[in-house]
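Below: a set of structures, written as structure tokens.
Two complexes are shown next, each including chain A; its partner changes from chain B in the first to chain C in the second.
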Partner chain A sequence: MKASRLHGPVRRLAVFCLFVILLMLGYTAYKAFGQAIDDAQTDWPAIGSVLPRTDDLTMPSVLDIVRGVFDEPRRSNEAFGSIVFDKAVFTLREASVGFAVGVIVGLGIAIILSQSQLLERALVPHVIASQTIPLIAIAPIVVIWGRKNVDFLPWEWQDWMSVSLIATYLTFFPVAINGLRGLHSPSAEAVELMDSYAASRRHTLWRLRLPASLPYLFSAFKIAATASVVGAIVGEISAGVDGGLGRQILLEASRYTTGPERLYVAVLFAAGLGIFAFLTILTFEYGLVRRKGTELVL
Partner chain B sequence: MTSQNVPAVEIRGVSKVFNPGGSNEVLALEDINLEIAAGDFVTLIGPSGCGKSTLLRLVAALVGSSSGEVLVNGKSADQARLDRDYSMVFQKAGLFDWRNVARNIELPLELMGWRKSARHRRSTEMLELVQLQDFARHFPQQLSGGMAQRVAIARAMSFNPALLLMDEPFGALDEMTREHMQNEVLRIWSETNTTVIFVTHSISEAVFLSTKVVVMSPRPGRIAAVLENHLESRDDTARDSPEFFANVSEVRKLLRAGEN
Partner chain C sequence: MKLQQSLIRLLVPLLALGVLAGACGSDSNTEPVPTTTAAPTTAAPTTTEASMPEELTPIKLQLQWFTQAQFAGYYAALARGFYEDVGLDVEILEGGLDIVPASVLNSGAADFAVSWVPRGLVPREEGTNITNIAQIFQRSATLQVAFADSGISSVADLAGKNVGNWGFGNEFEMLAGLRRNDLDPESDVTLVQQAFDMLALINGDVDAAQAMIYNEYAQVLETVNPDTGELYQPEDLNIIDWNDEGTAMLQDALWADADRLETDAAYRDAAVRFVEASIRGWAYCRDNANACVDIVLDNASTLGESHQAWQLNEVSSLIWPSPLGAGVMDPELWNQTVEIAVSEQILSSPPDEGAYRTDIAEEAVAKLREQGVDVVGNDFERIVVELREGGE
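Take a look at the complex of A and B:
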């Protein structure tokens, strides 16, 4: 038992590496196959007319993508990977601020709604409706408002804060909904127990409802963390905010023909950012929620 | 402390209607009168639906009565709840699984604003009372059902309530653990001078534990009879004594009579 638990993280890492290698092999294999049917299209009319063909432009080779990380673009003496890394850090900052504000707003909504059934029934549909507005539609509005109307704050409003706000819009929702479920999760007996001790609402919230909702909250945080990265990137793209991964992806898409591997590198960094955000939450969960005798569920 | 002449609990003409006016209106309790003296160990026994748990919750002021009056230590039940005159033990131990055993026991003390050192001293004493000294740092998931229920009793007794309300506390335990827990509760009762109201399904449990057995009948819930239950001793030999068996069959007879 002990040995297998010790090897758990190592084995998980090995499985992950194997998965990445298989993905690269599959990618390379299809690229070769697509190129082959492109070369020999007259020989395989059926397959050749259905499956997409490939070439170095549509699917740059794995080696080219790796090389793209280290290549220095023209008019630059910095490796492309290092440039994209800086952009990723910029986007991560937007996403983190958006996540933090989203957690506070979401938890606040959950706590307020949990206090009254009437309030909950009246307002939950509106919380859900908020998510039906497409992010791309509100992003420019938020940026314009930020530039023109936000002058009451003690600090100067910057465009990246608008992007954080857009990320918040995605992150508060799972926190509010799951948080509400978590706050309602204690059994009737547990609530009666607190009542029998004449515990105040505040006491019941802090000693019973919030601790009981931690597992619910962490599954929301995991969704929200990745959503905040998506929100930041989409926010940058649709609001035209410079400095982050979103703008970089847009730029690489526009000059795709001269360097397709660069777009792939930027997208891979974006994926890496999402994974990083997820793993950060998982680490906190491991430290906070894991208790003796309970297994952590991914 | 309450003086001897004020009853621990007085229930006068109490009725309880659930969902009054609705199509699912239920008369759960009708015209209940009961007086419990300080230091008594009273069991409420009866078939499902006789309202014994509801009666206990009326005393605890977790539900309100539809008519009549419930007094605990001479004041209204709700005032007694706010003054923390009683403590409750449920069928499920209901420990908070994010707190270890010691911190579960300290929960009511935290709510009452005890300082940390005093809380710690108290939980150590309570763990000795229920003989779980070595389990202070364990978490609820690591305890057996009987141990968890002992922790729940320790938690309930931690602030020395004058009245202990127990709602089928051993209903989920196996027979062996159950008898052991009954001995434990009697020991704690005699050591702490607490008044106990104990809800149970089990005739032998009621007769073994209590000084007074309140037999209830269902639909609507009423008190069918009150049996003064005197046993020579309350140890394991009492379980085989003739007076124990006589009282068990008496309670059974009263329960049957109440059903018809």
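Take a look at the complex of A and C:
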């Protein structure tokens, strides 16, 4: 038991690394294959139409992408990777704030709705409908609103907070829906037991329903963590907030022709950020839910 | 009890993480200035910035895209203290994919905005009362670019070809150009939606790609030609310039809130000073190209140096010479823009009188002339910018 607990993460990491290496090999192999066909002047119908092209502009080599991490843009004496890392930290901050607010809002909604069948029936469709509004529609509104109408706050509103708010919009939903399910999850017997103790609603919520909803909540947190990263990146692109990964991705996309590896680097950092957010939640879950003996769901 | 504790243990660090992450690094850039401007009647600012001298009027300028040499004049005016000299404390707000400068301006979240003329006129027709106060770019920068060996050297040659364009309102000069050459955009050419890079042209997915002379056109010239191992050369490319075809539409202009100009004398006064200092910034960039490129790169260090030098050179040639004085609208070009906007059904009818005004730019130009600034730029000549691979 103890041994597997220690070796679990190590093994998982090893498998992950192996998979990354395989992915890189597969990428290189496909590229080499396409290149060979090109060199042989054979008109292979699939490549370039159904399957992606393999030239250096479409698929920069793995080596070029790695080199792109360490290349120093002419004007700065910092490696490109370290610049992008700073941007990722900025985006992580937006995402974290968005996530934290989203968890509070989502949990709040779940708790309120769990108190009354009527409320639940009336409001859940609205919560769901909120997710069908495209982000690009609300982003400019949030930014303009943030710049103009929040004088009542005790602190100064900054553009990145608008981006956090956009991330919140994606985050609260899974927390609210899963939280609601979790709060309803205790068996009737358990609820009756609490009733027989003459426990108040608050006690039942605090001692029974919330703890029982933890596994559900953690599934939601994992979805929400990655969603908050996506929300922050999309929000930045949409709202034009400088300093983060989303902006960098858009910039690199617009000058893709002259440096495809830079876009690859930026996107890989974005992927890394999502994985980091996910793992952070997993670590908390490991420490908390696992100890209770509940199954971990990856 | 234990469960309760574990619940607290769960939530507290999670939230703390978020708050902490929010707290650290909040030192970075963009300290927003209170939104009030010269108008003393609007809501009081929440905080008083001690560092800011009282006399300076806070002004926000909304760009239509990110920091690049396309907006060099404003960054130069800021960095060289031209705005401060005329009593303005200017904050430049970058654009985004979904940020429409006209709406930001109309909402009051910015005091002035940079926008293409058609993109200012459409919201105006829909009831957003904004007005063009200074026409900075006197020429259009939109090209259609083809490889020389494609045999496309004129609009007529586009017949039967794949013609790339970005859509979203960027295509109208080209559509009008086709019609003027008796080509039906629906049937005589294949219109292809193009991404914001030039991959489609290089890969041959389109025969002629849309490009801004100061941006995407240069990107091709910064790419290695696999056949030669060298960068693509201007001789490798043919360009169709809509300025020569007579279907060019006016692009970057400064827009202001038309109602506020009428009712708020302090705002109008700030507008004159803002245009004055902005044109001074553009004149500085014309006369000190290298220093100006440095200013742009100081604001966006990952941009390529030679690419921005190219961009500034081309942008300067869109501005200079300005025979009536920089920023003053040339009615002929305005009419051409409006004519195409109506014939291409971007606008349902020509805009009314107040869509642009020249009084503000004329006042600014007169002030600059008094100070000996060359506001016409007859002597401006394009330099030859050597592009490096990747625009570095």
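In this section, the second predicted complex is superposed on the first by the 276 of 298 C-alpha atoms of A that agree within 3 Å, B and C clash if a C-alpha of one lies under 4 Å from a C-alpha of the other, contacts with A are read in each partner's own complex, and residues count from 1 in each chain.
Note that a contact is a pair of C-beta atoms (placed from the backbone, for glycine too) under 8 Å apart; a residue touches a chain by one contact, two chains touch by 3 or more.
It should be emphasised that the depicted structure is a prediction, and the values quoted were computed from it without experimental measurement.
Colleague: So in the superposed three-chain picture, is A:P211 touching just chain B, just chain C, both, or none of them (first/second/both/neither)?
Modeller: A:P211 contacts both chain B and chain C.
Colleague: Based on the superposed arrangement, let me know which partner A:G243 touches: chain B (first), chain C (second), both, or neither?
Modeller: A:G243 sits against chain C, while chain B stays out of touch.
Colleague: Touch check for A:A198: first (chain B), second (chain C), both, or neither?
Modeller: first
Colleague: Going by the contact rule stated at the top, is it chain B or chain C that touches a larger number of residues on chain A?
Modeller: C
Colleague: Touch check for A:L251: first (chain B), second (chain C), both, or neither?
Modeller: In the superposed model, A:L251 contacts chain C only, not chain B.
Colleague: Could you say whether A:F284 touches chain B, chain C, both of them, or neither, answering first, second, both or neither?
Modeller: After superposing on A, A:F284 lies in contact with chain C but is clear of chain B.
Colleague: When the two structures are overlaid on chain A, which partner does A:R147 contact: first (chain B), second (chain C), both, or neither?
Modeller: second
Colleague: Name the residues of chain A shared by its contacts with chain B and its contacts with chain C.
Modeller: Common interface on chain A, chain B vs chain C: 207, 211, 214, 291-292.
Colleague: Which part of chain A faces chain C closely enough to touch in the complex?
Modeller: Its residues touching chain C are 53, 55, 57-58, 73-76, 80, 83, 89-90, 92-93, 96-97, 99-101, 103-104, 136, 139-140, 143-144, 147-148, 151, 153, 156-160, 164, 206-207, 210-211, 214, 221, 236-243, 247-248, 250-251, 253-259, 280, 284, 288, 291-292.
Colleague: Spell out the part of chain B that touches chain A in their complex, as residue ranges.
Modeller: Residues in contact with chain A: 57, 60, 62, 81-84, 86-88, 90, 92, 94, 96-98, 107-108, 110-112, 138-139, 141-142, 165.
Colleague: Could you list, by residue number, the parts of chain A that touch chain B in their complex?
Modeller: Counting only chain A, the residues touching chain B are 187, 189-190, 192-199, 203, 207-208, 211-212, 214, 291-294.
Colleague: Within their complex, state which residues of chain C touch chain A.
Modeller: 3-4, 6-7, 9-11, 13-15, 17-19, 21-22, 24-26, 28-32, 35, 43, 45-47, 66-67, 93-100, 103-104, 107-109, 195-199, 202-203, 216, 219-220, 222-223, 226, 297, 301-305, 307, 389-392
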